[in-house]
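Shared chain: chain A. Partners: chain B in the first complex, chain C in the second.
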Partner chain A sequence: MENIGALAILLAFCLGIYSVAASLVGAWKKKPFLIASGERAVIAVWALIMVATGILVYALVTSDFRFAYVASHSNRDMPWYYKVSSWWGGQEGSLLLWNFLLSWYGLVVVLQNRRKHRPMMPYVVATLMATQVFFLTLNAFPASPFQMLAQGRNIVEVPDGNGLNPLLQYWTMLIHPPILYLGYVGFVVPFAFALGSLITRQPGDQWIFTTRRWAIVTWFFQSTGILLGAGWSYAVLGWGGYWVWDPVENVSFLPWLTSTAFLHSVMMQEKKGMMKVWNMVLVAATFFLCIFGTFMTRSGIVASVHAFATSNIGNYFLVFLVLGIALTIYMILGRLDYLKSEAELESVVSRESSFLFNNLILLASCFATLWGTLFPVISEAVTGEKVSVDAPWFNRINIPIALFLLFLTGVGPLLAWRRVSAEGLKRNFKWPLLGSLLMMTGLAAAGIRHPYALITFGLCLFVGWTIGQEFYKGAGAIAKKESMNLMSGMVELTHRNTRRYGGYLVHMGIVIMFIGFAGAAFNRDTTVEVEQGRSFQLGRYDLKVTGVNSGQTDNYVWQNATIEASVEGKPYATLHPERRIYSQSQQPVGAVSIHRRLNEDLYINFAAISSEAQKPIIQAYIFPLVSWIWIGYWVLLIGSVVCLIPSKVKMSYARTEVVGMAGKHEKVAK
Partner chain B sequence: MNRTVKFGLVIAIVLGTIGWLAAGGIGESASYFKSIPEVEKMTPSERAKKLRVGGVVETGSIKRSGNVVDFVIVDGSSKMKVQYAGNEPLPDTFKDGSQALIDGRLGDGVFHASKIAAKCASKYEAKPGQNYKGSGSVYVKVS
Partner chain C sequence: MKKWRNSFALLMMAGLCLAQTGDLVPPEVRRVGDRLACLCGSCKNTVATCQMLGCHYTAPARAKITAMHKAGADDEAIVADFVKREGKKALAAPPAEGFGIMAWLAPPFMALAGAGLIAWFIRRHRKPAPELNEGDVAKYQQAAERELSRFDE
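Up next is the complex of A and B:
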């Protein structure tokens, strides 16, 4: 069976190369049958990868410890869903996951576009398959998941496997890698269409209409993946941090920044025919940053807690990145005339320029984060001394950037295109501005002195207000005209222009998340060595240790404390932080206990046993407002879904020469 | 003032601010990667810098009491005493024999750690046959 798996990967690799060649030659020599066979090869590659994946997952579920991969990443006692998730627990498997998702995307693209976009499809297929071939190379040669264990010349089975890292045995970790990958792999599609249209000099902005939904979906997956990682880190690692600017977190954040910039600047191209080169650059940058992220996590060139062992596949990535980037730059430079802008920026205060600044600032954040992440590598190359920068440095730059972005979120959508009148500014911003200034004064008077937190709360109200105002005004007008109530007016309004109002909802989600981020300014904590019956104080909570117990399960030995929290003498909550030592790996893992509330979370970690006195060491934390981060995520989710629902009213934008084109593509894209 | 100049000016202000923030922060935020033998050879002025030191946690050296953790890290034949009193709990992977990456400053004879990252050498990519119970034999991977 293992041979079939390895063979399937090899065959897929060969067919992938064939598909690239057939598509390119077919397009060059104008041979439709070659192009068609290139597309069919995509389907065959998909089928072969399904076979290979099926075999690996089957081996994992049935605990076939002849497979080196299964023996390293799974063990007998794990529940079945963790056995399945061992699929992406290690290097070979996660590369196979990449291949798996990419082949699905390839399949969908080919089936969706069989009769559309004929001139550019061969190049789209070639780009998709070239990427696929790259990842298949990794799976076929340096990182095969179908390696077997042998003694001498005989394939043998080991009695039990090493098991999945206990830290990863948590529900968000089940879905975090596949979802993040869905986002990163997915960006290959917009990139492929962009490149295809560039090569064939497609008139108009066809690739943008075709891929904007792809871009929204993959952006949404990226956001979800990042948030799941943050949620995991918060609930599992024991100190309640959800973001520490670790290199691996950073590289997942970089393509998110550029794809966010892309989603915004793409509107400039759709509506005004501007920023065409820029959009090409953004879509390419996002794609290469996705590959770069995989490279960083896999190659271990920067020390990170998450980074997997140093491996030999880093060079493959470097070659792919260098070739891909060179080709893209060459293509863009060769086609600058075709990417000419159709309009000019007219005023510093206008919708156009708010997009411009949004992009500028997102890219600045991306560049700064990249720079900081690679600083050890850069400094070693320049001065010979390896220097790293820590979280405060990243915060120092990114907090002001984030606040400026938040400000733009409130202002940008309300500015008129082209130029803004003073009257318009006053109409839209007078009340939100006054309201938020009033609130900031109130908060400052109430004793909140943390400047960034104050500004954040002020901006959150400001942005939230402007968004609410947009919904209220629009819905009110519709409700009056169509004589319905305000609520159905709201729904109608959203349905008429789903992308706009869905976008507002996403913005609202971000605003709510910022409330949660600002809460971090008021975190409190304490560490105590306790014994049964002892009490300690944290903020307004009296915490009493009422019991310390220990025991054993098949999988681990545990020890836990029962802690009763009370506020002003009234019982509030009972928490059970636990400490486990997994038998298979002898790995101690804390299981924190969290009492989640909207105003603040009470978070208790059983940190360790003291060496001398053999008493539990307990760490207790208060995390104000942190739940709003997760609530904000759900709003973002709803907003993203709304963006994907087709609008009831077709928008036609007043663009000079390509109006007819835009209308046509709109129909084609549906 | 014409449009290009205006835009240029605003963009320059934005980027300048960010650049200023970035450059200003680097001095206080930088930590220098040093091995333990390198740290031993450092001059007093160099010792005042923030450092990042790597090593293996010596087996049996971890002593916890209250919120203070003392331990020793080893790199070849060199050893260094480390004390940690931060508010973040140590990572679960921090235990006897794990590889630790420690940020902090040198004190009098003790390295005061502000942040500790650790990973078990064999955590993610254990060598086949290494961790299997009751197997004394050597396994190799074949494809």
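Up next is the complex of A and C:
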């Protein structure tokens, strides 16, 4: 069976190379049968990777400990679903997951475009398959998941495996890596289309439409993956941190920032035919940042709590990155005439300018995050001395950038295309601005002194108000015209232009998340050693330890504490934080207990039992507003889905030629 | 076999518990600890925010901060002592001196460079639309009204 798996990977590798060659030669020599053959090779690669994946997963589920990978990352007593998730628990398996997802994307692209985008499809296929070949190289040679345990020349089987890292035995870890990878891997599709359009000098907008749609899908997966990771970190690590600016977290954030920038600036290309070079750069940057992120996590170049063991595959990534970036730069520079802007900018205060600033801010954040992540390495190379760049640096640099971005989120959508009059600015922003200033004053008067939190709350109201205003105005007009209620008007409005109003919903999700982030300024915690039957205080909560129990499952032994929380003498909640020691790894892991509410989470970690007095040591935390982060995500999800639904009214973005501008604006308005 | 293994795990748990004591963080330690990185290698927190009980770096670091405070050392002196012993990596953020200043200057510099690029782009691509005369305005207004009336039908 193991031979079939390894053979399937090798065959897929060979067919991948064939697909690249057949597509390129077919396009060059104009041989349709070669192009078709290249596309069919994509399907064959998909089938072979399915076979290889099936064999690995089967070996994991059946605990076939002849496989070195199975023995290293699973054990007999793990539940079957964690055995399946061991697939991406180690280096070789997670690279196979890359291949698995990439082959699915390849298959979907080929099947979807049997009649569309024919001139550029050979190049799209070649780009997809070149990336696939790179990852298959890793799985076929330096990181094969089908290596067997051997003694001399005999394959041997160990009685039990080492088990999966206990921190990964949590439900979000079942879906976090595949979803994040769907986002990472998926961006190869927009990149392939962008490159294909560049090579073939595609006229028209159809390819932009396809690229943008794929970019929304992959952006959505990236957002979901990042948020799932944050949720895992919050619920598993025992201290409630959902984002610590760890290098691996940072490199997952970088492509998200550039793809967000792309999703905004691509509108300039669709509507005005502008920023074509920039959009190419953003698509390419996002794709290469995805690869760079994978390189960072696997090369061991920076120390991270999430990184895989250091290995030599980092060099493979480096070669791929250098070649890929060089080729892309060459292609862009060689086709600058094709990427020439079709329109001019009429006014500095306009929607167009807001996109420019939005891109500037997103890219500034991307650069700052990349710089902070790499600075320890750069500093050591230059000065020979190690430095640490931890959360305080990232927060000091990125919080002001994020707040400015939040401000633009409110301003940008209300600016008109081409130009905005002073009257228009006043009409749109007067009340939201006054409202937010009033709220900030009120909060300051109520005793909130944290400047960033105050500004965040003010901006959240400002942006929320402007978005609400847009919905209200549009829905009100439709409701009046169509004689329907306001809610139906909103649905109708959204359906008429799903992209615009879906985008507003995504913005609203981000606003809601920012409310949650601001809550971190008011976190409180205490660590106490407390006897059974005694209580301690944290904020308004009286927390009483009423019992400590222990027991065992097949996979781990556990100890849990029962803690009764009361507020002003009234029972509030019962929490059961737990400590576990996993039988195979002997690693102690906490399972925190969280009482989630909109205003704050009460979060309890059973940290240990004290050595001297044998008393439970409890870490208790209050995390205000943290639930808003997860609620914000759901709003973002709904917004993303709405963006993907076709609009009821087809928008045609005519590349309008500006014939002139009225000298007196009022005259036209009459 | 499994019974023996689990019993061993229970013993291990007891052993680990015995090896740990509570780390209560005095408020004054948080202030200094916020400037110092936890160098345990398992987290990216500061000495103030590391929540690992019995962390082999943070626990003694906190004890040292407390002791130095009691001995009358101010925040700067404590931080300087950590840097002297551990090097600059003891700081949670690079110092704003020497090459470390690059950490602080590069992001705003790049943002300014980006703003400059936008200014250049706007200057290069800005082309205010020409003024329309009365006749043109009337023509477009008529066209708009014609379109709108068709829409009403």
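Operating definition for what follows: the second predicted complex is superposed on the first by the 652 of 670 C-alpha atoms of A that agree within 3 Å, B and C clash if a C-alpha of one lies under 4 Å from a C-alpha of the other, contacts with A are read in each partner's own complex, and residues count from 1 in each chain.
Simple rule for what comes next: contacts are C-beta pairs under 8 Å (C-beta built on N, C-alpha and C of every residue); 3 or more make two chains touch, one makes a residue touch a chain.
Please read all numbers here as calculations on a predicted model, not as lab measurements.
In this superposed model built on chain A, chain B and chain C take up the same space, so to speak, and clash. In the superposed model, A:Ser550 makes contact with chain C only, not with chain B. Legend: residue contacts after superposition of the two complexes on their common chain; A:Ser103 is shown touching neither chain B nor chain C. After overlaying the two complexes on the shared chain, residue contacts for A:Ser144 are found with chain B alone; chain C is out of touch. Judged by the touch definition given at the top, the superposed model places A:Ser353 against both chain B and chain C.
Of the two partner chains, chain B and chain C are each touched by A:Val528.
When the two structures are aligned on the shared chain, A:Trp239 is found in touch with chain B and with chain C. In the superposed model, A:Ser72 lies in contact with chain B only, and not with chain C.
By the touch criterion stated above, A:Asp390 is placed in contact with chain B and with chain C alike.
Judged by the touch definition given at the top, the superposed model places A:Val382 against chain C, while chain B stays out of reach.
On chain A, the surface patch touched by chain B in one complex and by chain C in the other comprises residues 238-239, 241, 303, 305, 344-348, 353, 356-357, 360, 364, 368, 371, 376, 385-390, 392-393, 396-397, 401, 525, 527-529, 588, 605, 607-612, 617, 619.
Across the interface of their complex, chain C is touched by residues 77, 238-239, 241, 244-246, 274, 303, 305, 341, 344-348, 353, 356-357, 360, 363-364, 367-368, 371-372, 375-376, 379, 382-383, 385-393, 396-397, 401, 418, 525, 527-529, 550, 552, 554, 556-557, 559, 579, 581-583, 586, 588, 605, 607-612, 617, 619, 658-663, 667-668 of chain A. Those residues of chain A whose C-beta lies close enough to touch chain B in the complex are 6, 68, 71-72, 90-91, 144, 146-151, 155-156, 158-162, 165-167, 237-239, 241, 303-305, 308-309, 311, 344-348, 353, 356-357, 360-361, 364, 368, 371, 376, 385-390, 392-393, 396-397, 400-401, 404, 525, 527-529, 585, 587-590, 605, 607-613, 617, 619. Chain C makes touch with chain A in their complex at residues 2, 5-6, 9-10, 12-13, 16-25, 34-35, 37, 39, 41-46, 49, 51, 53-54, 87-94, 98-100, 102-104, 106-107, 110-111, 114-115, 118, 121-122, 125-133, 136-137, 140-141.
On chain B, the positions that touch chain A within their shared complex are 3, 6-7, 10-11, 14-15, 17-18, 21-22, 24-26, 28-33, 52, 54, 62-67, 69, 87-93, 95, 101, 103, 115, 117-120, 123-126, 128-129, 131-135, 137-143.
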